[in-house]
């Protein structure tokens, strides 16, 4: 059922945003082929509000962010508005800064570790909760409670729990005979602590999305496999995981975007310290632009833009992978 | 799901065992929330007791008193903003999702990519942009303004979810509607939307939660206004030199209760929402 | 059928666009362009005291001053660390408040950005203010505001803990005797001292009495004296006289540790006096000792009342009336009593001591205190402060030695 004539720039049977089914039937196009332009009008009619919305509310901030990074803004020129254009000098400053390499490393570690654990734990929980036992629905809903809390509260609670002297975690460790760990105040542990808190905050999202994905896999497949003698692990690995791939892909991509942006948790727990040991690009960007008494808006915006570029690269990778999958 | 035929007796005992594990996992996950509750009842001088008490032995209701006296209007505002965000997000995203999924517009792929990129813009930059726009539109310190701003947290994601879900609606149904003479709007309203109920609930949930816990937009756009959300109300306890932690945690507890209730009631609908479910036999 | 459906849809879409545009146009009618909100009889005041809500004495004071000046006052409270950014953003959009109350080290940054008016422009009278307190708001020979009150740091001590350890407070005169006292306290089973070394301006604020007490200057962070100050803190941590949590403590958290009753000393500020009364144990206050005796110079805290630049310069006259009302004698006494600050003028300081003798050591401390941005450091201070707190964090967390940390800090400042 290939779409041959009307829109040659679109490859056939392409899932536009990826998170679709394992096997979605391509919509019938016979009617559309007869009157493509009215369908286009209808489509853009439906899209008009969102497009306008995007243009109004995202274009201007994005432009401002790029502008901030391409000019030399001092506090004075930020207010008075006459900053000289300096091209890529802010980016060069950022690359030359001694904090750049550690921040890059921490960002990569933070993102990868968070994503892996959030996804794995979310998936395990989703599989667990999809076995309808008593209270499973209520418990699953309760897992979302961490989201209800303002980030300042969740991050502060984690700070309290991980406090070197009065925190419950060290008290518990003490009870089993392990010495106190300086979770937030030691350069060795600060990154681990913020990753822990971030995983905690990210699990509900993964749980919800992956659970929904699991619902769409028909029980008949499992029954057939069980009849063929597959055990639980094989059923998971051969049926669940592959069929979940599109959902996993979108979960990981969105998780990547959100994790790259994570700032509040780290800022409230460790302020990126001590000694820049838990600084990621997101916190560094904030620190440069807003977190000190003498803002350096240019470099701050430059770091922020680097994050946007990183996310876009991954977005492109994702779309390419989706296209390949759609064609195969 | 991992369906294996079992005897009735086995199923019951297996169910209880799983429930126990489920309870344990939930308890571990919610331990920080319990800790928050613990702190909300702690007196100021016991805050940094070492080792900390698992249970607030010298409990104080000071924090809760402050919340009940001062925070209820903020909670009301947050609720209004949350619901407004939900309505706006669904109204914007559902048609867009339908168009991208079913109507195949030219440039739809580009739009999806732009939506993805849009989510990457740091919150503070968005807030600064909004400040400038709202200042010239006169929308600063207004509830509708904050609703629109908070919706930017959810709309790109919502469009993705709707697109994904609506792709799975069988084309035959839409074909049948067309043959019966329904236009695109009619098809959307009478067929697609009712079938997308789960997606709507999922999107509503995310939109509500994200707007409920938003701080950056509230702080930049609604500070000092007559109606402020709860994330700003909490700052009343964060003075320039002193922070009242039991009141802060108490506010968070009180703020989470109604939303938690909604969550438990609504989770039934979130189940099959996200992906396009239909696998054709 | 499809054609007319398509047309209907196009019409619908265009209507949506039109309605949206219309709605925004309508609402823009009310607000108008940039600059002042509708009513010229309303004056906006921004302050960093979110803990004072609508019914508080502070809010009433603002309203009263407004009534006296013949205008309505609209007050917005912000988190103090956020207020600078908000002020800059507002100034950029020509939407500054009429009166802006900010933390004193920020005044020079705002002045540099051209956000604030000088006393020449706004005709504010600052002659009665103590010069060492006014210095933080001065740069380039001009004055940009007036202090609403001042606070500073000193050492609180827990009498019971010291008694148990057998320490006589009058023996604590310099760093050696202080460390000896901490050792005794540690041996008797209690904890020594708590302070705040967090990686923000608060940490710098708390380190300054020790830096200045060693004889070092902010312009030379890597001098031997400065290294000795940082080593003092470092040794306390290593020996366990100060808890590891100081690296992440805010001043509030540090106070909560002291309030638990386990600590002998706490370095904290004037604003904790009310909490100290509630603490439930007998406490005392001594000035922070210098390295070799005497009192260390402590930094001045406290906010400045400033008048930002406005498009319509005739607003300055009323703004100046508001500020003068807020900082007038009786009002200063009331405000500073509420905030637990020391008044910035000698006359009101005397009244404060007359009302509460416990304030005397604080008044003396404030008289001897130094502004952080004084010595014409101005906007150089934020950069130095950031490097200083980074060095403190590096040293205390063990990633660098005090000497290396401060050397790195000094070279980063250049």
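Per-chain residue numbering starts at 1, and chain names A, B and C are given in the order in which the chains are listed.
To be clear about the criterion, a contact is a pair of C-beta atoms (placed from the backbone, for glycine too) under 8 Å apart; a residue touches a chain by one contact, two chains touch by 3 or more.
All values derive from a computational prediction rather than experimental measurement.
Q: When all chain pairs are ranked by how many C-beta pairs they have in contact, which pair ranks first?
A: After tallying contacts for each pair, the winner is A-B.
Q: Measuring between mean CA coordinates, which chain is farthest from chain B?
A: C
Q: Can you compute the centre-to-centre distance for chain B and chain C, using the mean CA position of each chain? Integer Å is fine.
A: A distance of 36 Å separates the two centres.
Q: Just how far, in Å, is the C-alpha centre of chain B from the one of chain A?
A: Each chain reduced to its C-alpha mean, chain A and chain B end up 16 Å apart.
Q: Any chance you could list the residues of chain A touching two or more other chains?
A: 31, 39, 42, 44-46, 49, 163, 165-166, 290
Q: Of all the residues in chain C, which ones touch at least 2 other chains?
A: 2, 5-6, 9, 12, 257
Q: What positions in chain B touch 2 or more of the other chains?
A: Residues 47-50, 128, 132, 178, 183-185.
Q: Flag every residue of chain A that touches chain C in the complex, lowest number first.
A: 31, 34-35, 37-39, 41-42, 44-46, 48-49, 52, 74-76, 78-81, 159, 163-166, 180, 182, 184-187, 270-277, 290, 292-295
Q: Spell out the part of chain A that touches chain B in their complex, as residue ranges.
A: Listed in rising order, the residues of chain A that touch chain B are 7, 9-10, 14-29, 31-32, 39-40, 42-47, 49-51, 53-54, 56-58, 60-62, 64-65, 125, 127-154, 156-158, 160-161, 163, 165-168, 171, 174, 200, 203, 208-209, 211-219, 222-223, 226, 232, 235-236, 246-247, 250, 253-254, 257-258, 260-261, 263-264, 282, 285-286, 289-290, 301, 304, 307-308, 311-312, 315-316, 319.
Q: Per the contact definition, I'd like the list of chain B residues that touch chain A in the complex.
A: Answer in residue numbers: 1-4, 14-16, 18-19, 21-23, 25-26, 29-30, 32-33, 35-36, 39, 47-52, 54, 91-93, 95-96, 98-106, 108-109, 111-126, 128-130, 132-133, 148-149, 152, 155, 157, 159-161, 163-164, 167-168, 170-172, 174-175, 178, 183-185, 188, 198, 202, 205, 209, 212-213, 215, 230-231, 234, 245, 248-249, 252, 255-256, 259-260, 263-264, 266-268, 270-280.
Q: Sort out for me which residues of chain C touch chain B in the complex.
A: Listed in rising order, the residues are 1-2, 4-6, 8-9, 12, 24, 27-34, 44, 46, 48-53, 74-80, 82, 86, 89, 93, 95, 103, 151, 250-253, 256-257, 259-262, 269, 271-272, 275, 278-280, 303.
Q: Flag every residue of chain C that touches chain A in the complex, lowest number first.
A: Listed in rising order, the residues are 2-3, 5-7, 9-10, 12-13, 16-17, 20, 84-85, 88, 91-92, 105-106, 109-110, 112-115, 198-201, 243-245, 247-248, 257, 379, 381-383, 385-386, 390, 393-394, 396-400.
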